[in-house]
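These are the structures in question, set out in turn.
You will see two complexes here that share subunit A, one where it goes with subunit B and one where it goes with subunit C.
Let's turn to the complex of A and B:
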């Protein structure tokens, strides 16, 4: 029995089976539910770490199941896959702890945690997908299992938000399906291959290839919230805070960005894509999204909506990085998958804390909140400064590599975008920090709850502190051997160029 | 031992078991639920053994009483027949388990004889190999189905059943006329003989016209679908499931067989394109109508009209690249049977629970009936064709065939159809989470009614993972090789 062929399958099961068991649990079996959830999390983490070490030593982990007569379902743990899987499983652990605290005493928790685990199953599946059809399957699964989380509150407003979400994502999925089948009819394979697998397609099919590229990017662009396909994201803010945190940091939005990385580097191959003239327009589109998202964020008073538009903007850094053809920019883009993840999840955790503890939803209500909740706001500050790109926080590393990469690839205009966007980031984050730390505290908070002797319940407080530390650590220790940055350099060497 | 068991005449038992069950349940009404369940279990077991035998020895062929064609009746089963038999057995089991809870003690003695009789007739149809037997079984199925439709006992149900009766009788009559013409023109009713003798003569084309008109009326292909929504929506839920999942498939199966063996090889393209076009309109029209409905059962019924359309798209796509398109057809037919029966059972649960099926007022069904809601969502995933599900595999094949042939019109139809389908499925799902302003009573549902729906829907999803092995079994006997050469 060869274990190497089973481990990727086990990772999928380690979140899928707990999900099924959690669905079957009665609402009041809190202890058992938490236990199952944490067992799933830790088994997933252990397997991912195990494969990390294995891949470093040159092992191959691959599971194959027959799906269609000539197409397999492939789960493969390459370096890029592991990067995304590690991010998902670590953030899943923190979000689970946070969600347990956040949903204390609210109804339908079995349903919530069941679908939450299924979201992770789908995300881990997306990361380990070894070909486009497997990717498509998990990507669509993610679309569906995130839906009950978005409409979790069961209000009319939530239903409408869910409807918008489905409208966009199902449409995107359809484009994706068309692109995938079309590609398959041209190449006869869908296997992700370092540097692409379309070399054998003849010149007479170039029009088809261009169309396929557009279809695939548009399909993934919906989830990655590329302008003009971003409309669902700010509306999905109706979901509970842990869901927003998860959606923005790893699951839904990142799956789209990750798909774009896969398409450019392992379906088309970046040089071929550049040759077809496809990367430059994508870079421009990403740049437009970066600026647009930031400008929109400036005008939001609702904290979560401002963060949502900030996500629109930040995720496009990843796309910008991979669309500027050059190894250094690519490193900047791909490492931003991780960096944006930890920073944005910190911000959403903090926003959830403010809402749960003090009933604060709007930025105008945040005066002096730094004195009432110093630890939460410290974490928030680290996340916000990281987003702006202040060293030594992780966001700085991403922007540094993006800038260097743009210069290397002779795309100086990107520098202007980066500067402009950083100014805008500062424009919408610094006023929040100023209010929170320097303005006087009001007499009464909108809706204050007593959550224990600390500034808020520990379950809500510890996750953002950890993610803030991660954001700081990833920046400070970027040059150390096991940092995300070093791992992305390894990916770039092995798979991209 | 195993060898001996496999060699038993399972095909004959497939007809005898349900027939006997029907008689026993009629004579012994107090025990009809038990008799029914035992019978459908035996049917499933028989299909399994028949499958073993076919996989091992190839096509099954049996001349009843040793007479053989052209005088006697032949039983014939290749991979395609086997798949249809399996479909009947699986859906039959699910619906039967459900029916034990759904019908009251007074209703079930009337339900079981008819339903077991339908199973016997369906099995006989799928095992037949001559066009006159098809007629006989088709007529039996049609009459039993009409009686089942009238089960609702409301005025609405009677008028729907009456319309259904007229449609199905007219359909059989047209088909019979076509059969007579073929017999007159080519001197046989045996499909294999006909496929050798038939030539492109006016008689053949007149027969084709009559047979297509009759069968398409029974299959409810647009624009001959007018009887379907009211009949399928007003029948009791288990009956709706049977009608949508199995009975429309029976006439479709005959049509497919005759096309593959007799008409297809002689046709030159125009007829196929017409079917493709009608199929395309059915997909759009059915989905659009489904989207407009305010009642769940009507929505599901119109969805059947649309899904039937997909089956006919393949006729056009099969002209070049046959096997992929036909594989798509049988896969879609099979998964649609599972998913659609699950959906109708779900609608039955919702009616049973809340007393109505207005989509706007589903009132947090997701909380009250989580299993039922999950069943609907899973069945919906398969009907939309989202991965991983049997429906996805079928639509993948269709899309592949359309793209290879650069039939952009069909590509567009397939995609728009999927989007519309998604729209009406999620219209229902989204209302399952919200609260309704109207208060209403509810009564508890027996657990097995919920689980029957869920397992059927789950089977439709599961089919997404076994397409290679299932399609290799379907290929036994080469049902899709044109000219119908039987090895």
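Let's turn to the complex of A and C:
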């Protein structure tokens, strides 16, 4: 018995067990629920940090359970897995704190936090999955456990949004399953392998491989909100703010993008995929999504809706990065998993603060809000400027690597997409900043609540401040050791090229 | 990084304004901070005073994507100017705003822009420069719209749109340059840009990207709007030092002194000449002193652009031209800063006050016109000496054109002094003690500049007196003639932002043209009404269309259909394979 073979399993359990216990708790056991939650969070974090250091020194952590004959359930902590797991667990901690503050006094909190923890279990599972079938299991689990969170409010609109979400994702899951089974019949293995495992598949299966690729990408594309499969995302913004924050930053949307990264690098192998002529169309699709999402965001007055369309656009940066074949673009794409995560979660936290504190849901209600909630709006400003790609915020680093990688791969057109996207992002974020900072404050806010002596309750205020600092730090210190950028460079060296 | 005391001081001078902005978050420190903040740029002045002669680079490999900072010779001149103007304006602003709340709000943007300005001057790699440039440009938006008037808001929109345009152009240029050079050091990039197959694109993007800040012709429209909309201390730094960020950008990025690029060189010289005269031409028609000063900046930057073009045309001359450009920027910055602050001091109703300020204003105005014994004559003399040694046909043409431009500048200054004459309507703030003394310090610096750079007055009086006097005398004669003829009562001022207005009114004319066509033979007002309604309908229809596309796309049936199509296509291929 070796500890190294158990740790990945423990990480999964460290959020799964608290989830089960929380379900069993009575609604009013607030203290115990918070304690359980936090224990789960910190154990997960500690284990992830432990493995981080281990992997850096060359350790291998792998749990293997027999699922079917010749088909194991594999949990493996590679560098890429850890990147995603670290992002999930850090943001989970912040979102938990935020959610506790946000849902103070509202009903069904045991249900909420239970599913919230399950959501993280699934996300961590997705990140540590060592083969496609394990990935699929956790991915589908994520689909299901996110549903109660989206419909948490129980209103008609929420239920409709949940229904749409399920329709999309279940269909997407079907495509995935089809693709996976088909792939298995060809290769006899589903083990994620650096540089892919389809080398042995003969030339005569060209069409099969292309079909599998399309099935898998379309399947993951649903959650990653690739146009035209993005329809569920803007509706799902009906969910409570902490859910939207987690949904857009790590859990659901990112799981889709992460799946695409896995498929391209560790199922097909990026060079093989390029040889099959699959990456170029994907890059074009990602580019279309980037521009389309931004254009749609321009027309939204609902703040969360605008942010949702912005996610549609920004997540495709990741896909664009991996679809431009080349190590530098890959770095830009994969690091955007983290960068977009911290920036977008900041924006959603802030949107939640505005809604909870002042009852602001619409951009047209945001006049002068910078004076009423300066810290929240400072965090928002950092997130928004980062999205536009202004240095030194993290978004700039992603954009820089994407651009450099595109030039390296002789795909100059990508620069135009990046420029267009930056301008569009400016087009829908700068007016918000202008309203918030430069327009006069109205006499009365739509629905103001007194949440303590600060601009809002500290539980709501501190998480966005931390994530905004992270967004700033990840950019400002991008070249320093242990930054997401440096870690992604290590991944790229070890696993992709 | 070697932590020598000087390097630490260098970093402190940059971090200090950022630290103070951070401290402004805490309301209880505001009173104390407001005593400290006007002096924020002092560490930067100390840095220049104690800077050793050998340039040491501060490497910060962990910062952004790896940063290199140093105070090199060119940087020193720009830093000196920046430190002086940020200090003077910082002190000025303290008395300019009478409410603490306004001061705090102003200093927030002011300090951020200052930090950006310092960072870009010290940056030795393009990414750090780009970072400083972005920080400065975006923060100064807060300065431009500070007054919140309709004019300020319009200026802000034009300003931010052009800033964004510049940002993305520079982004593309930077990417291409970095990719070719495989390095992020200015020295390497300057040498290798020319090897890039895209070098013309890179040069074009750099020229335009920074040209927006410099106000090259066509992209200058934001300058008159922003300078006149911003509060006086902000205009002083905008026109005095921030405008030079564009110049410095050119100096850092363009392949100057490497290879002769005759086409680019000629083009840039012509562009510069056009701006030099166009700026004065439009400026002369203006009635608002700050707008006049903005147009004067456009014209003066035109002169610097000419020198830059010479450097591209004749790289062997570049080592000589470079310090000349730096000095020209310093001279223009100090004078322009003093003029902006001085123009703002004409708010008193008392004739005595007005006359004193007015006399003070003569100094920077004369300096800018290149009067003897001022920094202006040195700058003009340097420019002319390069022009005399430039390749044909410029060696005969340019000196003459530069002299004519000097006459033009002097005319513009005369116009300014006329508009601000003691008997004219009060303009700007009432000159209180706190406003006047920083201005006087700035005037003293302008007086001392020629002495500090070791200029020989004796030589000047013996050899250059006539050369520097005749443009002045000529412009004086013209000014008096114009005054007597009262020509300005006939001339209608061209709206500030000239081309922008042309652009806007072209749009209007086009719209009207459509209306006219429609209204042929019909009652105009009803048609106007109808057209408006029709435009609205078209607009709404367009928005609805977009909405419709999206609502189709987001219907779940559509997504399902899409996925089914995928399955069918894929299945078709699969079957085909099986039955093959």
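What to note about this one:
Throughout what follows, the second predicted complex is superposed on the first by the 497 of 497 C-alpha atoms of A that agree within 3 Å, B and C clash if a C-alpha of one lies under 4 Å from a C-alpha of the other, contacts with A are read in each partner's own complex, and residues count from 1 in each chain.
FYI, a residue touches a chain if its C-beta (ideal position, glycine included) is under 8 Å from a C-beta of that chain, and two chains touch if they have at least 3 such contacts.
Source: prediction; values computed, not measured.
Aligning the shared subunit A places subunit B and subunit C next to each other free of steric conflict. In the superposed pair of complexes, A:159 makes contact with subunit B only, with no contact to subunit C.
Once the two complexes are overlaid on the shared chain, A:171 sits against subunit B and subunit C alike.
Between subunit B and subunit C, it is C that contacts the larger number of residues in subunit A. Once the two complexes are overlaid on the shared chain, A:228 sits against subunit C while remaining clear of subunit B.
One geometric descriptor of the composite model is the angle centred on subunit A: between the Cα centres of subunit B and subunit C it reads 160 degrees, in steps of 10.
In the superposition on chain A, contact of A:207 is made with subunit C only, not with subunit B.
Taking every C-alpha atom of subunit B against every C-alpha atom of subunit C, the smallest gap after superposition is 6 Å. Comparing which residues of subunit A touch subunit B with which touch subunit C, the overlap comprises 171, 174, 178, 182. Subunit C makes touch with subunit A in their complex at residues 25, 61-66, 127, 130-131, 134-135, 138, 142, 145, 148, 160, 164, 167-168, 171-172, 175-176, 178-179, 543, 546-547, 550, 553-556, 558-560, 562-563, 566-567, 569-570, 573-574, 576-577. Here subunit A touches subunit C in the complex through residues 164, 167-168, 171-172, 174-175, 178, 182, 205, 207-208, 210-211, 214-215, 218, 222, 227-232, 234-235, 295-296, 299, 374-375, 385, 389-392, 397, 399-400, 403-404, 407-408, 415, 418-419, 422-423, 426, 430, 437-438, 475-481, going by the rule given at the top. For subunit B in complex with subunit A, the touching residues are 364, 366-367, 370, 377, 381, 386-388, 393, 396, 399-400, 403-404, 411, 415, 418-419, 422, 426, 429-431, 433-435, 464-465, 467-469, 471-472.
Subunit A contributes residues 23, 65-69, 73, 108, 111, 133, 136-137, 140-141, 144, 147-148, 151, 154-156, 158-159, 162-163, 166, 170-171, 173-174, 177-178, 181-182, 184-185 to its touches with subunit B in the complex.
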